[in-house]
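What follows is a set of structures for review.
Two complexes come next, and they have one chain in common, subunit A, joined by subunit B in the first and subunit C in the second.
Right after this comes the complex of A and B.
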């Protein structure tokens, strides 16, 4: 049994319900959260996820990035968005398939059932796009 | 080995022995009553009460009973395990009896000495013993590892510390390899010229023969022919594998392109057309591409291949046919039992601070540069002369790159003395040269050090209190902008020469070697010692020691003291034939481990790391200190600390709380180090606290996960108290792990308003009164609603 599952079980036994804030320094008690706007598409997370919970897709979700507010615009994909905006082109409607050999774009899909919140993807993430949300659900209402 | 599932231990056959300790225990605790009830417990084969378990007759009798009844686990109720666990372990070890479990329950310091109510104290002692019996049934056996010790040592770095350490080891009859990157030995010491506090040259070493004096120059000490000592210059360490007692080291020797036939006649040097910066003189002078270095070992010529144009004129003229361009780097393997890292210091490069004009104006030097100028082997043959002129005035600026948040915040310790030494030397030789030292504080702490300050004052060296801000050039003269704190005004000092007392940093080699050996650096970027107070020469890696500049800015006398001490550490390790590792350690269940690296992140000793290919955590037992922080944080519960497995801790909690009729029992988790000492000494001082507090000892509070705390509440505990070492003094580098886990447990318990009933305290032995007060306070909090 995973530690988080064991904790939930014991917590339930002492009559606890609801959502628990997990201290920052602890791993293994939350689920990963993905910020598309910060992802640079390096796919290190997929390689380093020990649980096989992350799959890297070669899809550039242009409409989503177009919407994402990002100030520094340092990423390749931001520059494309900036270019589109500066050319006052219409807002793109569809994601784009990223051709092989083109790096720096792409998307991450997360299977939250598999995620154990160990934070390994977060530690390896180049763009700080992945972060374990330090929240544990005990369940059973509030 | 440690990655396999450990086999379920054989069926426990438990012996329980209670000690009355004269009547120190039985005065309060009814040991006979407890004994009667424990003897009826499952798996308890023998239960007895003795007046003194620790006397030699009883110990022998105890062993006899264990043998006769084939007892494999022992629970002893008596005094503190910190006092006598070893006494009991020893009698079995000596008879080669392997017990699966041996647990001492502290019914003296934790019971009879701190409680007054006989009935309650007896109940508490019984509960603790129940817990121990439960725990011992649930825990698994530790595998003891023995390593045969290689009777050889490696010393890395042949500066003053390394050379002294190696020499001392060789004197003890230990085969010692002294590896040095440079072609010469002596390191920075060989470059500084004169030394403080002795006012003589820097490079001497304890003499080889007691008959002739007490010290010798490096070159007169016969180091090259010293028995057991092998000096390998031009050599670097490439890899280190293995563990304490049995390291395998790969070293690489760079070619000198000169063979052993060289007789140092120097004809080659005359014909060599290439000039290169003389690194020994810190680039302040030039030498040929083929050269012989001062203090070179072996005492022969060498070719600087980076500078050489391979014209081979040297080869043509060499009468001894000693030049050999076919030489290539050579790798060797060494087998050693211990390693000393003495890779030394380097001077802070002040060119980073452009305001001081170093490397911009040629007349701005550092103290080490000045040391070279004052040395007869230096660029001006010891004359302080620039463009044939002796400077009429010199300004020295202290704390350049030291005690500055932006560079190094620590005091470099050597620079005040270097400034005083150089100011004194110059004043003696050039009395008309005006010397001003701009300082923040002058620090002269050491035998005979303050004399240098007095001497400099007597020689009319000017001390100006204030930090110099800038060095400029105006009309061919240097200007130092500083403040005179005494007068409270800004001043400009015109001068011919500026000497920057640049701070001391760890050398690049020190940092590289730390990386190669997997040693952590401290906040000042030197190699971190195992403990700054009591294990200053040990590192987190067992069998690897540090001395001299690799562990901090260190002057010559202190480097030598540390070197001698480190050699003693090594020799006491190598004096053993085998090293027996009996520490508790974690095991990894390969079926559960996915290789998520949380254990690796949490381990304070890099003892557990994930194999990237296998995706499994692997333990290096010799680096492991057995705190269990890995087990406490493994998300998949794949890591368990032997003897302190989750099941064992739960079982002990359950055993203690089995007789919790009134629901008032408090479970305490206490580390076996400083935290435990505070509780022991509270007993010794007979400080009272409530009988409701029941301690479970762990190697370190790092072993605690939030679940252990919650489990105690699930089993009916009224509160959970945790006692650990003082903040920042955890012996296991388990960091914030206990705090975070306690915080999580409290977050959970907040929902049912029990969060105030969990509390962490940090104590050491000298805080036993605070411990007792805290226990009373906590029991009051728990009792209130």
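Right after this comes the complex of A and C.
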């Protein structure tokens, strides 16, 4: 069980409720928000995570990308999405494996159990797709 | 067979395949006029965006040519080109457009007949497949 989940359990037991903002200097509590639209697949987050909590997967989720709406420029692969849509004759059903030497396509998987909330991934992320949120929810939330 | 003349774009690398094409021209070898060459510094520079834009503009087939394995001027550009082309072929198959309109061919600078053969084969293959299946209103 994660350290923060243990803390939440104990806090609930003694009747504490609510959302707590974790101060900046305190590491280890919080969660990571990943915005897939901004990810450019550079895998710097994986390289710079000291705990090995982030893994870069070479999957191009074609059905999901096909359904993506172009909105406020947050989808980095806007032009590719538009071209794929204009060349489509039948809706894609399967994701595609990205070969080894092709850079810039893929997804990131985060294992929150290993995360210590150091913020390295957010610091090194090129596309600003990762955000460490220092919130601890006790009671009503997760 | 109808008199459909396909339009084929070739992304060729500056060092081997462009020289092969040039030599073929100097020797006055005959090859189909359906092909237009776009020279890149290395075949590894080709991106899936370039190929998708070409198909979007109505091109019927795309050929990517480069140096032979282990002979790339920039060491491993041709490996990257092949990986990108295979990746895009999967995508095109999945969306129903057809990955067989895209082909990658390696040749060395001293093989102009290989260039002629690649272009002739590609033209014949695309003639059989027919024109670009997507109606372009652009």
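Basically, the second predicted complex is superposed on the first by the 98 of 142 C-alpha atoms of A that agree within 3 Å, B and C clash if a C-alpha of one lies under 4 Å from a C-alpha of the other, contacts with A are read in each partner's own complex, and residues count from 1 in each chain.
Methods note: a residue touches a chain if its C-beta (ideal position, glycine included) is under 8 Å from a C-beta of that chain, and two chains touch if they have at least 3 such contacts.
For clarity, every value in this text was computed on a predicted model and none was experimentally measured.
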| item | value |
| --- | --- |
| Partner chain(s) touched by A:4 [first = subunit B, second = subunit C, both, neither] | first |
| Touching partner for A:80 - first (subunit B), second (subunit C), both, neither | second |
| Partner chain in contact with A:13 - subunit B first, subunit C second, else both or neither | first |
| Broader residue contact with subunit A after superposition on the shared chain, subunit B or subunit C | B |
| Contacts of A:23 with subunit B and subunit C, given as first, second, both or neither | first |
| Which superposed partner A:60 touches (first subunit B, second subunit C, both, neither) | second |
| Which of subunit B and subunit C A:93 touches, first, second, both or neither | second |
| Residues of subunit C touching subunit A in the complex | 48-49, 52-53, 55-56, 76, 79-80, 83-84, 86-87, 90-92, 94-97, 133-134 |
| Touching residues (chain side subunit B, partner subunit A) in the complex | 594-598, 601, 610, 615, 633-637, 705-707, 710-711, 713-714, 735-737, 739-741, 743-744, 747-749, 751-752, 754 |
| Contact set on subunit A toward subunit B in their complex | 1-4, 6-7, 10-11, 13-18, 20-29, 48, 50-51, 116-120, 123, 138 |
| Interfacial residue positions of subunit A with respect to subunit C in the complex | 60, 62, 66, 79-80, 83-84, 86-94, 96-102, 105 |
